[in-house]
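Per-chain residue numbering starts at 1, and chain names A, B, C and D are given in the order in which the chains are listed.
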C-alpha cells in the first residue's frame, strides 16, 4: 500500500518538474521548488515505512524545516537583493 | 525571564521527544544545547522584546482548529473538483475582507487560515484589511460571509 | 535491493538527469539556481533509497539550503543572464565521453553494491558497529565515529570549513556594503 | 481492530495520494501563477495531511507518530506563510493576477 502512495508522489514530482521547467515566471519556479520540497518530505517518510524503518522521519523533519527557510530566503533575496531589478516578473526568456 | 523559561521547556521537551534516549550523558547534552539555543534566542530578541503572550483558552483554540480542518477538507474537495473538470471554469477574483477587532497575532492567524484553505490565498495585509485572491466564486462567498473572522474574534483574549 | 526500491531509485535518477539537462539548457541563471534546488532534493531522495541517510542529511542542509543561497548571492553580484559564448560541441562531447568512460572504467574495480565482502566492511567498521555503543555511549554510530574515533580529523575538518565560511562571508558581505553605499548617498 | 486500523490507514494513504496528484495536475493545468498557488495548496494541506495521518495510524502510539505530528505541524504553519510570501512577492514584482469579472 505504501508503494501506491510513493507512486502518487513520484507522478506528482514529474508534474511539478514539468512546471519548474516551463516557468514561465520566476515565481512559478519558486512555487515548484517549494512544492517539490513537500513531496520530498512525503517520499522520504513513505519510503521509511516501505522498508520498515521509520527512523528516516528525522530527515523528513529536517527537510520540512529547510524547505520553508529556503523559500523565504529566496523570496527575501528576490525582493530586496539586486536580482531582477530590471525585469522583475516578465516571463523569463528561456 | 518567563519567556526564556517557557522556551527552554519547549526545547528540552522537543529534545526528549525526538531522541527518545534517557541516558544521563545524553540528557545533560540535551539540557546544554537547549540552554545554548535559549541564550542565542534571547540575544537575538534583544532588539524587539515583543512576545505574543499566549493566554488563549486552549479548549477554544482546539475547537477552532477542528472547525478549520473541516473547512480545509471541504475547500480541498471543491478545488480538486475544479482541477479535474475537463474544461476549466475558473472565476478568479481579488477582494478585501476586514480584519478589525483582532490583535496582531489574531491577524496573522486569520491570514494563515485563509491561505491554508485552498481556493483562497491572502496576498496582502493593509490597514486592518486582508487582500484575498480567490480561485472560485463559492470560496470567495464563503470567506466574505465572515464566519472565520467571527470565530477568531471569540478567541481573542480580552 | 528489492525491486520496489530499485524502481524508485531508477525513477528518481531519470528525474535527476532531466533536471540536469534542463539546468544546462536554461539561459536564465535564477531559474537555473531554482532547478539546482530541485536537483539536490532529488539527489537526497536517491541517497535515502541507497541507505546513505547521513549523506542525505548533509545534502538537505548544504545542497538545498546553503548552496542555493550562495548561488543567488553570486547572481546578485554578477548578473541574471549568462553570456552565450561560442562553444565547440564536438570537442566538448569528446572530452565528456573520455572522462565518462574513464570514470565508468574506474567503477569496475569497485566491490558490488551491498557486497558484504567489500573492504569497507572488513576492518574497523565491524568493531564500530558492534562495540561503539559500549565504548562511547552514543546511540548513533556515525556520530561516535566522527566525533570520537576520528575526533581530531573532524576538528581539523571543521576548522577548515569554518575558515572557508568566514572567507565567503567577508567576500560577499564586504562587496555588498561597498555597492550599496553610493546608492544611499545619492 | 488491527484490521480496521489498517483499512483506515490504507484509505488515508490512497486518498492522500489522490489529492497529491490532483494538486500536481492543477499546478500544471491552471492558467496563471496565482491560480497555481491554490493547486499547490491542495497538495500541501489535504494530500500531505492524509498521507501523514495514514502513516501515523500504521505506527500507532510511538515516537514515529510524534515525529509525524511534528512534520505535519511544521508544514501546516510554514506552507501558508510560504504561499503568502510568494503571492506578496509576485504582486510586489508587478505580476498581474488574471481576474475574471
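Criterion: a residue touches a chain if its C-beta (ideal position, glycine included) is under 8 Å from a C-beta of that chain, and two chains touch if they have at least 3 such contacts.
Not measured: the values here are computed from a predicted model.
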item: Chain occupying the middle, per Cα centroid; value: A
item: Chain at maximum distance from chain A, centres defined as averaged CA atoms; value: B
item: Gap in Å, rounded to a whole number, between the CA centres of chain D and chain C; value: 28
item: Whole-Å gap separating chain A and chain D, where each centre is the average of the chain's CA atoms; value: 12
item: Whole-Å gap separating chain A and chain C, where each centre is the average of the chain's CA atoms; value: 17
item: Centroid distance [mean C-alpha coordinates] between chain B and chain A, Å; value: 21
item: Numbers and ranges of chain B residues touching at least 2 other chains; value: 18
item: Numbers and ranges of chain A residues touching at least 2 other chains; value: 13-14, 26, 30, 32, 58, 61, 67, 78, 84
item: Contact graph of the chains (line, ring, star, complete, other); value: ring
item: Chains grouped in pairs wherever the two touch, ordered by label; value: A-C, A-D, B-C, B-D
item: Residues of chain A that touch chain D when the two form their complex; value: 1-2, 4-5, 7-9, 11-16, 18-19, 25-28, 30-32, 34-35, 38-39, 41-42, 45-46, 49, 54, 57-58, 60-61, 64-65, 67-68, 71-72, 75, 78-79, 84, 88-89
item: Residues of chain B defined as touching chain C within the complex; value: 21, 23, 25-26
item: Complex contacts: residues of chain C adjacent to chain B; value: 137-139
item: In the complex with chain A, residue positions of chain C that touch it; value: 4-5, 8, 11-12, 15, 18-19, 22, 25-28, 30-31, 34-35, 37-38, 41-42, 44-45, 48-49, 53, 56-57, 60-61, 64-65, 68-69, 72-73, 75-77, 80, 179
item: Residue ranges of chain D in contact with chain B within the complex; value: 19, 22-23, 25-26, 29-32, 34-35, 37-39, 41-42, 45-46, 49, 63, 66-67, 70, 76-77, 79-81, 83-84, 87-88, 91, 97-101
